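Next come the structures, one after another.
There are two complexes below, and they share subunit A, which is joined by subunit B in the first and by subunit C in the second.
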Partner chain A sequence: MLTSINPTMKAFAVLIPALLLAFTFDPLTPFIYLVFTVAVTFFTGEVAFKRWILIVSPFLLLAASFAWMTMLHPGGAFSGGDVLFSLWSFQVTTESFRAGISLGLRSLSFAALSLLFILTTDSTKFMLSLMQQCKLPPKLTFGILAGYRFLPTFRYELQVLRQAHRIRGVGRARGVKERMHQFRRYAIPLLANAIRKAERVALAMESKGFTGETDRTHYHEMTIQTRDWVFVIVFVAMFFVSVFLSYQLGFLNIFGKQF
Partner chain B sequence: MTKWNLREIVLMAILGVVFAVIYLFFFTVGTGITNLLTPFGLGPFGYEVIFGIWFIVSIITAYIIRKPGAALISETIAGGVQVLLGSPAGPMLIVSAFIQGLGAEAAFAATKYRNYSKGVLVAAGVGAALASFVWGLYHSGYIALSLPLLSSMLIVRVISGALIAGLLGKWITERLADTGVLRSYALGKEWKKKREHKAS
Partner chain C sequence: MSIKHHKPLISVENFSFGYDPDKEPLLKELSLTIHQQETILLIGPSGSGKSSLSLCLNGLYPEAVEGWANGEVKYNGTPLNQFKKGEINKEIGVVFQDPESQFCMVTVENELAFTLENIKTPREEMAGKIDSILRTVGLTEEKHRPIHELSGGNKQKVALASVLLLNPALLILDEPTANLDPASRFEFIQLIHSLQQERGFALLIIEHQLDDWLPMVDRVIAINRGGNILLEGKPEDVFYNHADQLKAEGIHIPRIVETVLDGNGGRVPETNRPLSEEGLVSWMNSSGMDRIPTNVQARGTSASGRNEVLSIRDVSFSRGKRSILKGINLSLHEGELIAIVGKNGAGKSTLLQVMSGILNPKTGSRLLLEKSYETWSEREMRKVMGYVFQNPEHQFITDTVYDEIAFGMKLNGVNQDEIEYNVHQLLQRFHLLSHIWSNPFALSGGQKRRLSVATMLEDTPSVLLFDEPTFGQDAQTTKELMQMIQTLQQQGTAIVFVTHDMDLVDSYCEKVYVVNGGEVSFSGKPDELWQKPDILHEAKLRLPFRVRINQLLENLHVDEKEQGVVMAHANIH
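Our next item is the complex of A and B:
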């Protein structure tokens, strides 16, 4: 089901709650939302658990790192409460602990929302939907799609460059200075080639009669249906449900203000 | 966008795609540095030192094309293509990129798109750094951090924006102009004039 939701609508469905979640500084609200997102991800059965956990694991570390930094260096509004424990010259209090956990959980729920989108969305369809639903200019859309298609070619070009250097006896770079030189030897030709390609693509588009007018017809029609709206509404409504739950349980904290 | 020709639009799109790959690569670099700094509670500084790399396409594109919107749109494209490539930051990246692009664009708009000197390019890098920092206060919850830590993060990010985005961006673009591939864009034309001037 997730794969068939209109990509633009799906993007909004994960964007809006993430923007709203950034207002909360208590651990419970992002936790409830995280549970909801993960549940939706696996309930529909379109995302392989193994793949998901593989992508999410670096984020676990990142979230922990950020939570840890917040606990050790909390701002004025988040440093009250009793001292939980102290380490070196830092003191971690109940409130800074809470804020740290909250920010860690927040970045985890951002990651879960993003993965829900990334793992179930086709890139080309997303671009086409942006053009058809968000009025992205066709010139830009097809330019980006053309560039996107070139990416495998860039990798091949890098290989050719590397082999060309090696056959001429250019060894592996040692030290900072040589590395800088090597960076220049690879980066500039690759970028120059990309620019040449851009020029050729533009010429080809023009010569094939591409005018970039917005009232064109589309081979792949992207549409918005009722269930796309329902999807967005459920995701936004769920944010307010988690805020309500954490208010009822006495956790809710918005920008350092306890409710 | 009406004053743009197709060649410039496609160039901007392709630069956006190329730098999206570079941006994604530097995300892993930042994660590496972060892991080293985590025990001291300074983990996120790993990203701060290299933050400037994430504004570089704004400076390069604006320097080459020199039209209103070049910095903003190219950065937003780079953000969007990272989503297409499967960046785990998801659609939010488009919003973040848009805000960074606004910061860089502001510097060029302040000169009415007439001045592309070193100072303005560095200012664009700094502008992007400031804009992204304000966004981080809200979006990443930096507001919960202590003031000394916040100000040191800001200083590191601004320096990174000035050096990596401003100066490195300028350097890369000028080496590209030297190769002659930019002949049909604003920077290439200026370059040609300079060369003729030198020769005479």
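Our next item is the complex of A and C:
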């Protein structure tokens, strides 16, 4: 179900709440939204739990470290409240604790929203939709698609390059200066090849009659239907629901202002 | 064919093209025509501008490269610059050499749709057209697969299919089979042949390996190094009457022609000038040749009695869960030349990397000069074993040809005078002395290849590994490279190469390993391999030219004998 939502609309459905969430400084609002996002991902997204956890775990670590840093070094506005505990010269107060947890949960919400989009969206369809709905020029969208195909080749080539240099007796680089030198040695052949390949693909595309004109027919017609609108509205509305809930429970804090 | 009565499809008049207005043009004052349904073979040494010419014909050059052009190219009598952008590309389709860089979409279906969208095919008609073209090239099963998972041969078929959707009047093939294994290559050529008969497009073929294309060619155009037309005419005239001229330009001569000329003492036969393998066989039969002799002198003597320099016992290698090599055994002796062959993705390159010590297998043992790989230090190992990669550019690490060769010696602490001396020696031997201060990336393809070999030879190595050494090289460079390899072999270096070229295996190698699905399915003398059609078929290999012809000849003799017996019987009754 999630996979069949129009990609552009899905992008808006993810971006708008993410932007709005950036202003909520209390822990409850992002928490409610996080639960909602994860629930949507699993109930309608056909995403394997194991895969999701695997991708989200580095973000978990990142969020935890954000939260920890904020607790130890809160901005002036959040350093009030009772001292919860102290570590060496750092004092963690109730307010800085709250701000830290809020930041951690917000980062996780962003991660969950991004994953919801990435894991359920076909890159080709996303580009086609950007071209058909957002009127992005075909030159750009097909260029990105062609470049996307090259990523694995690029990695493979770097690996070959490393091997070839090892054969020549180039050891592992030590120190900054040597690293810089090695970077240059890798960069030249990689770039030379990338440019050559890009040129070839461009020629091949033009040989197939591609002109970059916006006037073209579409094999996959990307349309916006009622349910795409519903999807966006639900996602935005859910933000206000979580704001309302945390207001009712007395947690709500927008941009440092308690309500 | 009554070609001459038609108005030409393409006419090129006094056409010159170059990248840099201050330098010599790449193509000089060319005039040529291509008629409807005609098949033209365009030949010339590497770097003579064949590919550039093909892109000038479909209007992409000179704009795409900011080059300049003089003279005129006309399509159906209308100059190219009067066509709207993209219009001419519908009439002239191109299939390029590199299967990796011709696509912009992920799946086969979407790539084909891309072409149809470009020419504004109504959406309702697309699905039908995609299905029908997939049937035509035999890829119906692959419709929804990502292109990068397909074999090289199938990728080229996708490229062909997407171009055919344009329904072009002229199809340009720019070395489309250069990266393919021998069987896929042959299959692709057959496909083109039958498609042309069905659809009647004109063909412009750019190729180095000519034999398989010859039977369908109407006219040959040869370009020389200077970008002028060297020869033009019927294939039998060009190849038989001007063979020496072509050779002097470093252009491959079809082996069919070479065989006839050799068999006839260098003279051109007056009446029958065969261009197909069948034609060659009947010519040989009528002129009393019973077989093409083996090129024995090229091969070394037997390996027995010589020291083993490298041995691999029961080696397996896997990447993640995917097993790539399984239980490989291989042994290499001093001065031996062996080939590793097999279809794309069979594990040939991985095997070479395991032999070179860049990859370490999980199980099995490896010995180099009777010492286990694990006990060698990296530096010592690199001194006795060289590895030449498929793309020479990957091996360049400095800014000048001189430094490139001196690099290893400096690393090993050789004194300055000796370095100077050795570098000059090597550069002389590889004809690179005049480029001593050039940047390695600025050299031509053949020069890059020679330099990449030269960098491996500061000491005479005991083992030298090559990954497709002759790939994409013209006749001249291939010959030079093989001469170099043989000189090294005589000095006692053991040489291994991975290749698709069965003729190379047939004329130079003492031993051949067939790798199929990560296992060695055959190891032994090439002559023994040629007797095993099952193994060849499974590994997508093809018999070398010499053996193919000899087998055809034998069959002919058998048939004649049988006929003779029947005749004799008839006479009795």
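Worth a mention:
One rule holds for everything that comes next: the second predicted complex is superposed on the first by the 237 of 259 C-alpha atoms of A that agree within 3 Å, B and C clash if a C-alpha of one lies under 4 Å from a C-alpha of the other, contacts with A are read in each partner's own complex, and residues count from 1 in each chain.
Heads up, the rule we're going with is that a contact is a pair of C-beta atoms (placed from the backbone, for glycine too) under 8 Å apart; a residue touches a chain by one contact, two chains touch by 3 or more.
What you see is a predicted model, and the numbers here were worked out from it, not measured in a lab.
In the overlay built on the shared chain, the residue A:Phe66 is in contact with subunit B alone; subunit C does not reach it.
Legend: residue contacts after superposition of the two complexes on their common chain; A:Tyr33 is shown touching neither subunit B nor subunit C. Applying the stated contact rule after C-alpha superposition, one finds that A:Phe154 touches subunit B and leaves subunit C untouched. Using the contact criterion defined above for the overlaid structures, shared-chain residue A:Ile188 touches subunit B and also reaches subunit C. The larger set of touched subunit A residues comes from B, when the choice is between subunit B and subunit C. Using the contact criterion defined above for the overlaid structures, shared-chain residue A:Ala146 touches subunit B and also reaches subunit C.
Looking at the shared chain after the overlay, A:His218 reaches subunit C, while subunit B stays out of its contact range. Once the two complexes are laid over each other on the shared chain, residue contacts for A:Ala111 go to subunit B alone; subunit C is not touched.
Judged by the touch definition given at the top, the superposed model places A:Val201 against both subunit B and subunit C.
Of the two partner chains placed around the shared chain by superposition, subunit C is the only one that A:Gly169 touches, whereas subunit B remains out of contact. Where the contact sets of subunit A with subunit B and with subunit C meet, they give residues 123, 146, 148, 188-189, 192, 197, 199, 201-203, 205-206, 210.
Listing the residues of subunit C that touch subunit A in their complex gives 55, 58, 60, 64, 85-86, 89-90, 93-94, 96, 98, 100-107, 110, 113-123, 126, 147-148, 159, 162-163, 166, 353, 356, 358, 378-379, 382, 386-387, 389, 391, 393-397, 407-408, 411, 441, 455.
Note for the complex: subunit B touches subunit A at residues 1, 6-7, 9-18, 21, 31, 34-35, 38, 41-44, 73, 77, 80-81, 83-92, 94-95, 138-141, 143-150, 172, 175-176, 179, 181-182, 184.
For subunit A in complex with subunit B, the residues that touch the partner chain are 11, 14-15, 18-19, 22, 25, 55-56, 58-59, 61-62, 64-66, 68-79, 90, 99, 102-103, 106-107, 110-111, 113-115, 117-118, 123, 126-127, 130, 137, 139-140, 143-144, 146-148, 150-151, 154, 184, 187-192, 194-199, 201-203, 205-206, 210, 212, 255-256.
Residues 123-124, 142, 145-146, 148-149, 152-153, 157, 160-161, 163-171, 185, 188-189, 192-193, 197, 199-211, 213, 215-221 of subunit A are the ones touching subunit C in the complex.
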